[in-house]
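After this come two complexes, each holding subunit A, first together with subunit B and then together with subunit C.
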Partner chain A sequence: MTITQQPQKNLPAPRSETRELSPVTVPRRWRSLAPRLIAPVALAAILLGFSLLSPVFLSVGNLVGVLGQMAILALVATGLTVVVRAGGIDLSIGVAVDLAALASAALIADGYRAWVAIVVGLFFGLLVGVVNAALIVGLRIPPFLATLSVWFIGSSVQQLLTGGGAPIYLSKPRVPIEFALLGRGYLLDVDGVIVSAALVALFIGALLGTTRWGRSVTVTGEQPTAARISGLRINRITVSAYLLCSLVGGFAGVILASRTNGFVPGSGQAYLMDAIGAVFIGATLSRFSRVSVPGTLMGVLIFGLLSNGMNLVGLSFFWQGLGRGVVLLAILLLGVLLSRNLPSGTGILTRLFTRPAARSTARTTT
Partner chain B sequence: MSTAILEIPGDTGAPTPTRKRPSLLAWAGYGVVVLVLGIFALGSPYFLQWENLSSVLNQAAVFGIAGIGLAVVIITGGDDVLEGGIDLSVGATAGLAGSVTAVAAAAGAGSLRAVLTGLAVAAALGALNGAAVILGLRPLLATLATMGIATSLDLVVSDNIKVALDGGVFLWLRQGSIAGLPASVLVLAVAALVSWWAVARTSWGVHSYAVGQNSIAASIAGLSVARHRFMSYVISGVLGGIAGVLLASRLSAAVPGIGGQILLDIILVAYMSTVFSRRLVVNIPGTVVAAIFVAGLANGLTLLGVASQWVGAAKGVLILLVLAVVVVRGRNTAK
Partner chain C sequence: MTSVSNDRLLSMSGITKSFGSAQVLSEVSLELASGQILGLVGENGAGKSTLIKILTGLHTADSGSILLDGKPVVITCPADAEALGIHVIHQERYLAPQLSVAEQLYLGLGKLGGAWVRRGRLEERASADIKRVTGQNIDAALLVGQLTVAQQQLIQITRAVLSEPRVLILDEPTAPLAAGEVEQLFGTLRRLQEVGVGIIYISHYLQELNTITDRITVLRNGRNAGEVSLGSGDTLDDVVELMVGRKVVEFDHGRTPRSPQTEDAALKVTGLGVPRALNGLDFQVLPGEVLAVTGLVGSGIEILADALTGITKRHGTVEVKGGRVRDVADFVARGGAYVPSNRRRDGIFLRNTVAENISVTALSKITRSLGVIAPALENKLAQRLINKLDVRPANGSAIAGSLSGGNQQKVVLAKWLASDASVLVLDQPTSGVDVGSRAQIYAQINELVDGGAAVLLISVDLEELVGIADRTLVLYRGNIAAELSGNAVTTEKLLAIASGTNGAAELSAKATNPINVRQDA
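Now for the complex of A and B:
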């Protein structure tokens, strides 16, 4: 112990030492709550700020419109949540979206029935998950690199199938009504996409939050070795997480094809970065820095409202990426900074955001 | 992966085992390279001509230089992708540096000043990454956010139109040559030599490997983990900036949005370098070899008449092959 004690003094950045010694004026409960409040506060700030800047922003019509635009991102991010909860990452979910949209749009263009197109579309999405699972669980390739190469292969496959990247456009009269309703229907004056996204999110949220499977996924992600030793079949659980993620991605793709009435190659990939951001913004909501479906939806809401607000204010498209990046960086950084000076009991909060090094040094200093 | 290095015999007094010859599998990476390039040489008489080879090297320069930057980040941050070092913003930084340089040159600044401005912006983005990472943010997330910021700034600076970049240094970078070697290849060679020297021959490089492979041990041994990590991101930013200037001068214009397109190739090149290493670690010479190989692959496939759509698929399969080799070798050494 003495050996480890002495060199502690020249540790790079004494993590929580100095702050803990300072008299605690704020009640402990407050301080442990603070990092979890960042995302809601940011959301409130966005709502307040843009409602002051633009009179239409807070109108019901606009907000419902935002929900409709966000539905596909919400689906993609929900799928990603499952995989991240299982301790992995899926960069190829955009490929699942694209391939599903491509398959269903192509089948509709060839005059197949709606249900055939939808089922085949979902199947194509699932196929991506099968490849991912085979690479990650079967060949033990790290998830980031495995799904990265699936991304390469998938975008190449798209170009091959579309003859070099030609978009598919569906002529409106020939689209079966059932297929059109999926993306452009209304249920009791509510955009149908919102309903389906909400249903899927509710289903996945319940699956992760309340079922035995959800608990297994969580344990597999956070303590794979302990999970394996205690008898969980972690391979099966990981496979199921990747399959479910791609299936949800495929569903998002079918909806995308129906909503845009066609398929543009590479359109699904655009959702990836926002989805990753939303998932990890959601993790700041949890006491254990655990990603969850409600948290992810809040992240999606932040991104959606931010984009919409920036559009309404008339900020040019060029600046919008800057706005989104700065907000993402600010929320995540605040989360890390606020949780860093917490008492040791909540040190687990930093688990998802810090690397193991920072975590362990924090533990040894306290 | 680090198990291979930690195989130090205990203090049992047993004679230290002599260094075994690397197994056949250790040469598999080079074998694949020679095989593929040999097929190209047989398939097309033009592949081995000097003009073609120099254009391959020319294309390799951009990915090679940016890949070296990413390799330094991975070396210092550890090669676990979710938690360890990664710089997703390196492509966007390259694009931004190219645009800034072109805009500055168009505004009448001298070539040198324009290049320095571009590199300064790139270094600032690297510093932003480094600051976020040493504050405790995951590199994956921090650089994801920076990537969005840099992409957006690229659009703002260039107004989303091509900015011509011509004359002076930039013309030389595109067409000039010394002793038959194209200028951009010379830049690649200098960058590779300097960083190889710094990583493999100085204490800073050894410390970087130490920080990346076991940061707790490194900090207990008195190394400043934070300083090494911060520096690695700044280096990655600067090298990304050099790559961006090179790319813009090769295209004789800064093309907005090009950063996203080159990111995947840069990541591929940096990770592929592990195959060219006996200890399965990311390294500088391997990165350069990988960059040349990837450029040669695209060139050779085109010469053989393969449609360009297949090149992406070929790259994806290639990463998987590489990773499979790494995984199999890792299993063997772990025993």
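Now for the complex of A and C:
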């Protein structure tokens, strides 16, 4: 039976004839497809499972509601996708969300105009990125540790700025309509935040997927020294990735302030862990194990539908973390198991803990 | 049993292995006597590595048998192989970069001593062992990751020898090594041979096989292509013919040294220095010439390309076509190209497609308005260069990491053809590359140079230097020890100068005879 499968290789043929017979491509194509189907299958399983358990789960109203709840997470995760694609990580993106929300809420509370509050909010978000970029590119601190420090510092800063963590509440009549529309408006009966998140995701997705900048970010994230040798200015590229990430985080923060009509310290940081999970679930979609905006959005959707479904079936809050963790672990574990023996470079995770573009020049005597 | 035990140490027969529907080995056999050094050659993809992986338990054969001392053995994992005394030195160096040299050396050998490890004593012993096996002084307190590729290779060789193997397999052991270290390695192998160790030696450097092996087994397309005994009348040409099924001409000998087209240097280096490695080198490369640089490990050639292109910190100035170069992005922007020696880490993007690898230096050419890359332009560019360099598979969407070493290197070269580079710095461009690909790479270099490109070729492959270089600089302890040009270059002379055996006095004495040897201190 196997004879029919065997390529005819016993002729001492000129090399051109063996060209198509590169021995590993055929099975590898199938083997490499399997891990990429994990996340879609998980999503389908969640949809199917909860639709059986809860009659309202698949209703349009519920699903649109889920999208609205997921919009801010989607924004945060999209921003995070940029830095992970560039070979880094940003644990401080929650700080960017919080500082932006804090700044814009405080300015609105003080009676400033909407555009001032929005611009200053975005600026506060960007500021986090500036600090990150300075630490990582300037001082060569590994991204994981640099952004972890900024996370700690940022948490303290917002406590101090709010006088020990007191929430800011905006009274509705004082909020300018433009600012209110950002988080609570509707465009053709669609929740405005869904539209905002979709536009930002589309923009960043196109930026990463189709532009020269996106390509530069991708190869820098894969192998920094090889990118440098190819003539790319990897420091600038890395800086731009961190800035864009925190800018998107800042935008998420401004929307958060508008949607919740105020600011509660630490509320942005709650998105960090879900965002990281979503980004790495997304990486399993790619044949290069590469993170991407569409993959991230699928990860966000998996988390969003999972929590919504667990709520609908009346699972207590205490069980929901368990549910999320198990799903995340199952997806990543399957991804690792199914993509064994496939060609790959250094994994994304290992690179987070190493210095960017490090290169040894040690010498010994002969 | 006794009649075969000494004669045939290892015998593999009828080994067949397929991955999915693709058969990579069919009915391959191999015989190794104790005290024999057997060459194993074949082009990339011929099945050498798979055969070795079966012998060392990384893969399991679909059918076939392995006999050790005439007794059938079952090897299902690397630990089985090690327990049987089968040790391998892989081409990819499986070392732990965060361990110290001493720790790496004795890891898993059970020779660390008692519960407490005395660091100082361990390091002393490691240094002594390395010195004994390889003849090199390596500080055993350094981390493995701090060593050069060549030094890492020496560590791996030492480790294998310390484990007292019965069968030792070396996969491209000399690719990163300089000539003097190769000699030292051969000395070690001959000592192992004398105590009855069977050695399987895989190499693309056929000249080495000529020196070290008794017999050569040739694989082609997953089958035994033939056996060659170099002692009994067969030549290396026979080996090459068996490997590729046709004759290959690597170098067009008899060519005259090129006459550079202008006197304006394309690459001008002044006072290039790196602390403890390079002492202020001055040289220039004219358009249309190949300047080669060679030397032993420690002579500074490992760091030269990195220093010159600005990857590592350096003193001195580097000018490309009259413009001063501050960093590697500058270098590339001015038409420079750098093919680094560590291909898998610095040369090729393993997890990107071949097309993405090729276009990375030419992004501006394939970008339309708003910075958007045009896939059609990218594919066209990639396909043109894939065809030109005969990259296999000829498929721009293949993942670069799945290509063979030779084809990966062609992709790296294609990347620089895409950028229309005219000043090329090639650091060991054919290390670990099979004969066929190597000839194609040389042909490409020659074509570029004939078209006016300037090439700085850094290589420890002396055959390669003699075959392709117009002038050759020899580094010795961070200085230019000599400059040889054109016909004056012979492998013997290069080796003598590089290893310091040929002192300055002797060199200047020789300089009186052939006019084109001169000393350059």
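Assume the second predicted complex is superposed on the first by the 310 of 366 C-alpha atoms of A that agree within 3 Å, B and C clash if a C-alpha of one lies under 4 Å from a C-alpha of the other, contacts with A are read in each partner's own complex, and residues count from 1 in each chain.
Quick note on the criterion: a contact is a pair of C-beta atoms (placed from the backbone, for glycine too) under 8 Å apart; a residue touches a chain by one contact, two chains touch by 3 or more.
Quick caveat: nothing in here was measured; it's all calculated off a predicted structure.
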item	value
Which of subunit B and subunit C A:160 touches, first, second, both or neither	first
Touching partner for A:113 - first (subunit B), second (subunit C), both, neither	neither
Subunit B versus subunit C as contact partner of A:233, first or second or both or neither	second
Which superposed partner A:212 touches (first subunit B, second subunit C, both, neither)	second
First (subunit B), second (subunit C), both or neither touched by A:320	first
Partner chain in contact with A:152 - subunit B first, subunit C second, else both or neither	first
Subunit B versus subunit C as contact partner of A:222, first or second or both or neither	second
Partner chain in contact with A:290 - subunit B first, subunit C second, else both or neither	second
Overlap of the subunit B and subunit C footprints on subunit A, listed as residue numbers	7, 10, 12-13, 360-361
Subunit C to subunit A touching residues, read off their complex	18-24, 26, 45, 136-139, 142, 145-147, 151, 220-223, 225, 244-246, 274, 276-277, 296-299, 303, 306, 309, 311-313, 328-329, 331-333, 338, 340, 345-352, 356, 359-361, 363-364, 367, 370-373, 392-394, 398-399, 401-402, 415, 419, 436, 477
Contact footprint of subunit C on subunit A as seen in their complex	2, 5-7, 9-10, 12-15, 18-28, 30, 206, 210-213, 215-216, 218-219, 222-223, 225-233, 287-290, 343-345, 359-366
Contact set on subunit B toward subunit A in their complex	77-78, 80-84, 86, 132, 134-139, 141-142, 144-149, 151-153, 155-156, 159-160, 215-216, 219-222, 224-227, 264, 267, 271, 307, 309-313, 315-317, 319-320, 323-324, 327
Residues on subunit A engaged by subunit B in the complex (per definition of touch)	4, 7, 10-13, 89, 135, 139-146, 148-157, 159-160, 164-165, 273, 276-277, 280, 317-326, 328-329, 332-333, 336-337, 340, 350, 352-358, 360-361
